[in-house]
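Everything below concerns the one structure shown next.
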Amino acid sequence: MKRVAVQAGDFEVAAELAALEALGGGGVASFTGVVRGGGGLVALELEHYPAMTQAQVDRICDEAMTRWPLLGLSVIHRFGRLEPGARIVFVGTASRHRTAALESCAFLIDWLKSEAPFWKKEHFANGATGWVDARVEDEVKAKGWG
Amino acid sequence: MKRVAVQAGDFEVAAELAALEALGGGGVASFTGVVRGGGGLVALELEHYPAMTQAQVDRICDEAMTRWPLLGLSVIHRFGRLEPGARIVFVGTASRHRTAALESCAFLIDWLKSEAPFWKKEHFANGATGWVDARVEDEVKAKGWG
Amino acid sequence: MVALTIVYFAWVRERIGLDEEQVARPEMGATVADLMAALAARGGGYAEALGDATRLRAALDQRFVALDTVIGDARELALFPPVTGG
Amino acid sequence: MVALTIVYFAWVRERIGLDEEQVARPEMGATVADLMAALAARGGGYAEALGDATRLRAALDQRFVALDTVIGDARELALFPPVTGG
């Protein structure tokens, strides 16, 4: 099972996890990224490269499936305007081996951060806006997977 | 937020994750262990040491909270008779840093495997039963956290 | 001094045929391993369950301890195989 | 040969003021960096957006490429800052 979705709308984490649990693998790992508030942030705007995004996320998932013995994975990435508390991204993996499930989950989120064509713009209460800078440590982390 | 439950009944993963997401941390990681079928297994029976279990799991959680900057965690471990497909254990962590959420989740499940007083007995369709042997690699993994 | 409660789990419990029992408190300085050896000397299920210390783990008053730990004034000793939770 | 489509994202798009445009296909052997320099030479928003190549990344036909990659017969070039998804 490989499920990849790039969408504006929210999603049900429970449904994704239930599908992964049903694969009978023994272990399901997940990571959910949520818009962090504070500092007067009113919204995060996620721009992406529609012609590329789905194929690129798909490629990252295929890479994870060749590296770890996974029974299934599910990756959902949202775009558009998201307010604090909203989910941005979900990664779920199922495997017979808990280490494979957890490591591939970490790999996928690291790779999404540095290899998926999304850009975040912050909107603040005072009207200011700013594009989020890529963090060097994210690129280092993704490269760390070799 | 620290939630520890040792219980016979099932639980709602969605509710646990929602509580962790609501902490506003940015990242929520989880691991769910499910009874693996196959080989004629009809049930797994989980015995535990009631006077010790809750306190010991609590201690493992405190250890995770001193090692990583967590906003919250939730650990649920079931006991009693569980059929293939049933959830056994859930670990959820929330942090501002995705690495902290994912690593502490891996730490908690590794430690639960080697430091929580549970024992698994397998029941097979032909009436045979057998206690699951501890795996050396699990002890090595838990020790790997130092 | 009060008796010592011993609780057994998993196949240790099954082989001995008891969840729990009270025993006379061992002499001062006795370790968990010493008591295990004394129990194993009873033969039968005790020998089967406790004969090979390398396969066993212990807790004193609900804390994991090494088998060479002195029992002292602990109230409860638990004997069991390595844990397999998670 | 058909024109080359260039698509812009994030602050590159904002500074140039365009989502996408068609340009004459650069001469054979030209790299992404060569084209970026030519576009920056237009001045204004182009210079602001594309003047510092170290801050930019590119994709040719929806595949990430290094800036010294030859454009060749690619149909679509994307120029953008380092990605910040996840």
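Letters A, B, C and D mark the chains as written, and numbering starts fresh at 1 in each.
Just so it is clear, a residue touches a chain if its C-beta (ideal position, glycine included) is under 8 Å from a C-beta of that chain, and two chains touch if they have at least 3 such contacts.
Nothing here was measured: the structure is a model prediction, and the numbers come from that model.
Asker: What shortest step count links subunit A and subunit C in the network of chain contacts?
Answerer: 2
Asker: Round to the nearest whole Å and give the separation of the Cα centres of subunit C and subunit D.
Answerer: Those two chain centres are 73 Å apart.
Asker: Based only on mean CA positions, could you tell me how far subunit A sits from subunit B in angstrom?
Answerer: Measuring from centre to centre gives 24 Å for this pair.
Asker: Report the inter-chain centroid distance for subunit B and subunit C in whole angstrom, where each centroid is the mean of the CA atoms.
Answerer: One centre to the other, that is 26 Å.
Asker: Which integer distance in Å separates the CA centroid of subunit B from that of subunit D?
Answerer: Chain centroid spacing, subunit B to subunit D, equals 49 Å.
Asker: Touching two or more other chains, which residues of subunit C qualify?
Answerer: 86
Asker: Which positions in subunit B are in touch with at least two other chains?
Answerer: In subunit B, 33, 98, 109 touch at least two other chains.
Asker: Mind listing each pair of touching chains for me?
Answerer: A-B, A-D, B-C
Asker: Note which residues of subunit C are touching subunit B in the complex, please.
Answerer: Touch residues, subunit C against subunit B: 7, 9-11, 13, 59, 62, 64, 76, 78, 80-86.
Asker: Over in the complex, which subunit B residues touch subunit A? Could you list them?
Answerer: 12-14, 17, 21-22, 24-38, 84-85, 87, 96, 98-99, 101-102, 105-106, 109, 141
Asker: Provide the residue numbers of subunit A that touch subunit D in the complex, in ascending order.
Answerer: It comes out as residues 33, 46-49, 51-52, 55-56, 77, 88-89, 109-110, 112-121, 131-134, 138-139.
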